[in-house]
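Chain nomenclature is as follows: A, B, C and D, assigned in order of appearance, with residue numbering initiated at 1 for each chain independently.
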Amino acid sequence: MKELGGGVEIVLAPPYTEIRRVVEEVTGSGVRVFAQHADPVEPGAVTGFMPLEGLKEAGVSGVILNHSEHRLKLADINSLVKKAAKLGLETLVCADEPETGAAVAALEPNYVAVEPPELIGTGISVSKAKPEVIIRSVELIRRVNSRVVILTGAGITDGQDVYSAIRYGTSGVLVASAIVKAKDPYSVIRDMAVSALKAVTGQ
Amino acid sequence: MKELGGGVEIVLAPPYTEIRRVVEEVTGSGVRVFAQHADPVEPGAVTGFMPLEGLKEAGVSGVILNHSEHRLKLADINSLVKKAAKLGLETLVCADEPETGAAVAALEPNYVAVEPPELIGTGISVSKAKPEVIIRSVELIRRVNSRVVILTGAGITDGQDVYSAIRYGTSGVLVASAIVKAKDPYSVIRDMAVSALKAVTGQ
Amino acid sequence: MKELGGGVEIVLAPPYTEIRRVVEEVTGSGVRVFAQHADPVEPGAVTGFMPLEGLKEAGVSGVILNHSEHRLKLADINSLVKKAAKLGLETLVCADEPETGAAVAALEPNYVAVEPPELIGTGISVSKAKPEVIIRSVELIRRVNSRVVILTGAGITDGQDVYSAIRYGTSGVLVASAIVKAKDPYSVIRDMAVSALKAVTGQ
Amino acid sequence: MKELGGGVEIVLAPPYTEIRRVVEEVTGSGVRVFAQHADPVEPGAVTGFMPLEGLKEAGVSGVILNHSEHRLKLADINSLVKKAAKLGLETLVCADEPETGAAVAALEPNYVAVEPPELIGTGISVSKAKPEVIIRSVELIRRVNSRVVILTGAGITDGQDVYSAIRYGTSGVLVASAIVKAKDPYSVIRDMAVSALKAVTGQ
């Protein structure tokens, strides 16, 4: 993605078992790796759970929390966000509605992503089907937190969806199905990245 | 409690099986009844769960959500707060820290109660041991929500604790052990209510 | 149901908030009341949870555990079955397959009910659609436990389903939708009870 | 461990993020790798969860289920055991008591391990403190299942504990703290393996 001139940040979020391989693969490319989740546990006798410390050791630079497929209790989101900051890990906290987006913004994570769950994996993008969710999310989140980076997601399919999401006031998107299930994932990512750059530079 | 002249609101939160009896007992007294919890389910095939609709039918006028002994996922707190409002039930949402207090305040419940879990049931009151938690809770919550009624709790033992909690900027307290385990629960409640009234009227 | 001559046992399992009212209503009738669930907690600081002790105090004579809509961890089923026995409460443990039916039978509850979850609430009865599940359940459970009372359920609609369930080797059924949603619940219960009696007496 | 002549089987269970590295390291050594847990989900939209398929792809030959630090619902243990068998993965199911050990044995896993949770991580071994738990576990499990391999664990500290566990009727042990926290893990493993061999060969 060198042709993008560093203007677009790409973060990958592989399953736990693939983190080390992906980190190794992207080292030096500017692409970063986040974990898909972290468990609210301390390192030690926590068989089959993943504490933030173990994820950091595996090489991630951040972690997704409260994904729509893996919701957390509010108190646990808060303690994980605080602990991640201490460990030097970034946090991207998901929310299902503008109101919960504002709620997690109060916890001071690095990123908030608002994704209407009913659109996730459908190919019907939030940018097209529910732009008002994006607009209202930005509005409610900014009342609570002026610094957090706002993302959106759910059904994001192509560059046009990314372009719209950014024009509606967010800084980028969360996307899975459209890339993972694509015949040519690289060209989908490239299309989205180029569109993101256009939206940001106002073209 | 007629001598308090209606200046102090008392809400009881009995276990599910006792709700109807308590509602019957307090009818006409001005005392209201809240449920201790509600499950994020719709009425129907939800064996052993309590939907808001079932609690309303049993006579409660509100519900406690996210108590420190019964934490909920953030998305569920939000959907329960919204549904309760539609059903005409009030919501009192608990939080463990000022930051999570601000987070739940963004969901627009009627009451937010911030209770440091390490003090709950100890007899060491938040008013004495951690007044800064109360002060900071009020500050963070008010940035997000100007209307929500702010309560505090954890270790509240007597009228003096209630007085302090109100003078630090909250509107009242959540209390369990100090009353339930008291030899004479009535006199503890009375002491707390009288102190609350003094604090509110600035005596 | 006096005309049944005591040959059929009827147990009701209302929601928590209705237990006391139902217990009062059926006292002296021979009908018993079970709770729909119990939480694996000790009485005390367990806001919004229902310990066995609280259910007993409300008047139940037993409890359903691990219902398909409210699955429990295996270790918790075991500790609840043991504690219920100490408290003088009967236990009816549900299972989804013959194998899990045998597993819970090893814990020595009073009743095991095997209910294929895909048929629950459908009106397509296990007796008609999956008699082999009933037959195999009885076979596997009896290898492990010779005394436990075996029930079945899922989609049970009328007396004929009850008759078949008993003829396939169980001692009775669990039923909800067919009665709760009936225009005339009493006549449905009566039909089922009469059919049960016929099946038992070999008519 | 070549000097053991293949008489002792050693299985390692690293955290998810380390599985691929450990598998690579032990390939050809006869040592096998199990996952610490698997989530009851199908591959797909299950962010931050680990399905059996993903673990198999990472190279494990089996999976621990229902560890005392990560209990599962009974229905999920059953479906995971069945699915693992289809995928060619072995299953080691933990239990907290002889009764729950018998219960999981009814599900036909490859291994059952009974570990009294109150001894886990204490250094007070089940072999010394509760030999009757081992003896009763073997007795109850064998009534239900004649083939399953029975293990025990909790507080296992040295070769003597392993020797006793095998002499009381099990086929081996689960151990974590005593090795992970040892100054010289290799010599602890070696001591345990040599003792196991002695116990098996009746020396």
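Everything that follows uses one rule, which is that a residue touches a chain if its C-beta (ideal position, glycine included) is under 8 Å from a C-beta of that chain, and two chains touch if they have at least 3 such contacts.
Quantities reported herein were computed from a predicted structural model and do not represent experimental measurements.
K.L.:
Based on mean C-alpha positions, I'd like to know which chain lies farthest from subunit D.
P.N.:
Looking at centroid distances, B is the chain farthest away.
K.L.:
Where the centres are mean C-alpha positions, what is the separation of subunit A from subunit B, in Å?
P.N.:
35
K.L.:
Which whole number of Å gives the spacing of the CA centres of subunit A and subunit C?
P.N.:
Between these chains, centre-to-centre, one finds 46 Å.
K.L.:
Which subunit B residues sit where two or more other chains touch them?
P.N.:
none
K.L.:
Thinking of each chain as a vertex joined to the chains it touches, would you call that graph a line, ring, star, complete, or other?
P.N.:
ring
K.L.:
What chain-chain pairs meet the touch criterion?
P.N.:
A-B, A-D, B-C, C-D
K.L.:
Within their complex, state which residues of subunit B touch subunit A.
P.N.:
Residue list for subunit B touching subunit A: 66, 71-78, 95-97, 99-100, 102-108, 140, 143-144.
K.L.:
Going by the contact rule at the top, pick out the subunit C residues touching subunit B in the complex.
P.N.:
13, 15-21, 35-37, 45-50, 54-55, 57-58, 64, 67-70, 120-121, 176-177
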